[in-house]
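In what comes next, chain A is part of two complexes: it sits with chain B in the first one and with chain C in the second one.
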Partner chain A sequence: MIWQLDIIILIIVVISAIAAITVKDLLSSAILLEAYSFLMCLLWTEMGAVDVAFTEAAVGAGISTAFFIGAIYQTTRRTKD
Partner chain B sequence: MGTIEFIISKYNYWIYVLLMMIGFYAMIAKRNLVKKIVGMNIFQTAIILFFVSTGSKKGASIPIIQNGHGDVVSHAVNAAQYVNPLPHVLMLTAIVVMVSTFGVALALIIMIYRKYGTLEEDEIFEMSEILRLRK
Partner chain C sequence: MTIEFKDVIIQTICRLLTPPIQLYALYVIAHGHYSPGGGFQGGCILGASFILMVIAYDIGEVKRRMAEKMNTIFCSLGVIIYSGIGAICLILGANYLDYGILHKILPVNPVRARALGTLGIEIGVGIAVMAVMISIFLNIASGGEHEGALE
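Here is the complex of A and B:
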């Protein structure tokens, strides 16, 4: 575990989490949540949890973003907050 | 050890709590239902991150025994060389549960949108009042 890499990724994770909940477009929110999941996967890889990391990359970032975009096409992209 | 040093030495736990509170804020304060679910996802990921970080050690490698295949392992396993794999296994289940919760919540959101035509919580409340008075 390299602490410099750890703290840089943690700061980018916090920024992308704040961006995902403040952006005014739900499709942008989906992509930012995907970026958040991939950064989380990177964080777990450098902690030594490789099994958790590839599950997150496949399921958390891949499948859930596909679900999210599908649900947005069924509903609406508009949001007030 | 001073207070500042204590806070800085546990920096990762502070950032996990910060992420958890970002998700909690989104679950409570956001009116849009999809934003609430994004907040729930962030909250769950922060908890999983905390649990996985409890298993990591300084100077340890990933939990795969070297030369574990083929010949019989004759030497004892030194546990300090490997990251603790127990939180990983538990959190693997939690990730799968997180994604299935996400899918069910999005299906419910699609049903709500078909009935009320909006995803904002206050507009859904007004629409349900209108639908109730029309009966």
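Here is the complex of A and C:
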């Protein structure tokens, strides 16, 4: 466990999380959420929780992004608010 | 959004990539009690291979390989395997999902019976999670119509 690497990954996680909820394009938001999920997976791997990281990589970065993209195809791509 | 979308590169890559993904998912399920992984993660990866097929081809290709009725049967079969193994342990006189008692009906010692019981549970969870993931994705992507998704 290297705390410098932790700090760097945490900063990128916060940046991508804030970007995912502020961007207007919903497809970009889904991809940014996938980036957030993958970075959380990297953080958990680095902290030693390999099983949690595996679940995050399979569900968060893999399946849920496909669900979001499938749902965005049924609606409009830009948010109104 | 009814554009005819056929790309030979994407379809070839998908066709080459699907068997290794499914083989890796089976490895994750079968090796889940020795290493990170297990039924849930392996089932998610198995479902992701079918979702990749929906993205590369269309929904009819997946429904030809894994029909809706078959998917429902798999969904129930996983739950039946899981709760069935637990109920067998209950019938044999131990607690629910206490696999050690399975040595009464399997020709192995209790430690080995515990490992085999865990493997059975992982297989049940993997089948159920795969079927549910495919079902959720097909329902979301086609708006409940079950045809012409992502086109």
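Heads up, the rule we're going with is that the second predicted complex is superposed on the first by the 80 of 81 C-alpha atoms of A that agree within 3 Å, B and C clash if a C-alpha of one lies under 4 Å from a C-alpha of the other, contacts with A are read in each partner's own complex, and residues count from 1 in each chain.
Everything below uses one rule, namely that contacts are C-beta pairs under 8 Å (C-beta built on N, C-alpha and C of every residue); 3 or more make two chains touch, one makes a residue touch a chain.
Please read all numbers here as calculations on a predicted model, not as lab measurements.
Undergrad: Once both complexes are superposed via chain A, do chain B and chain C end up clashing or fitting?
TA: Aligned on chain A, chain C fits beside chain B.
Undergrad: On the A-aligned overlay, A:7 touches which partner chain: chain B = first, chain C = second, or both, or neither?
TA: first
Undergrad: In the superposed arrangement, does A:18 touch chain B (first), chain C (second), both or neither?
TA: A:18 sits against chain B, while chain C stays out of touch.
Undergrad: Scan A:29 for contacts with chain B and chain C and give back first, second, both or neither.
TA: first
Undergrad: Of the partners chain B and chain C, which touch A:55 in the superposed model: first, second, both, neither?
TA: both
Undergrad: Just checking: does A:63 make contact with chain B only, chain C only, both, or neither of them? Give me first, second, both or neither.
TA: In the superposition, A:63 touches chain B and chain C alike.
Undergrad: With the two structures laid over each other on chain A, which partner does A:73 touch: chain B (first), chain C (second), both, or neither?
TA: second
Undergrad: By residue count, which of the two partners contacts chain A more extensively, chain B or chain C?
TA: B
Undergrad: Look across chain B and chain C in the superposition and give the shortest C-alpha distance you find, in Å.
TA: 6
Undergrad: So which positions on chain A get touched by both chain B and chain C?
TA: 50-51, 55, 59, 63, 67, 70-71, 74
Undergrad: For chain A, which residues are in contact with chain B within the complex?
TA: Of all residues in chain A, those touching chain B are 1, 6-7, 10-11, 13-14, 17-18, 20-21, 26, 29, 33, 36-37, 40, 43-44, 47-52, 55-56, 59-60, 63-64, 67-68, 70-72, 74-76, 79-81.
Undergrad: Chain A touches which residues of chain B in the complex?
TA: Residue list for chain B touching chain A: 11-12, 15, 18-19, 22-23, 25-26, 30-32, 34-35, 38-39, 41-42, 45, 48-49, 52-53, 55-56, 58, 60-63, 83, 87-89, 91-92, 95-96, 98-99, 102-103, 106-107, 109-110, 113, 118-120.
Undergrad: Within their complex, state which residues of chain A touch chain C.
TA: Contact set of chain A toward chain C: 50-51, 53-55, 58-59, 62-63, 66-67, 69-71, 73-74.
Undergrad: Which part of chain C faces chain A closely enough to touch in the complex?
TA: Interface residues on the chain C side: 1, 36-38, 40-41, 44-45, 47-48, 51, 55, 133, 136-137, 140-141, 143, 149-150.
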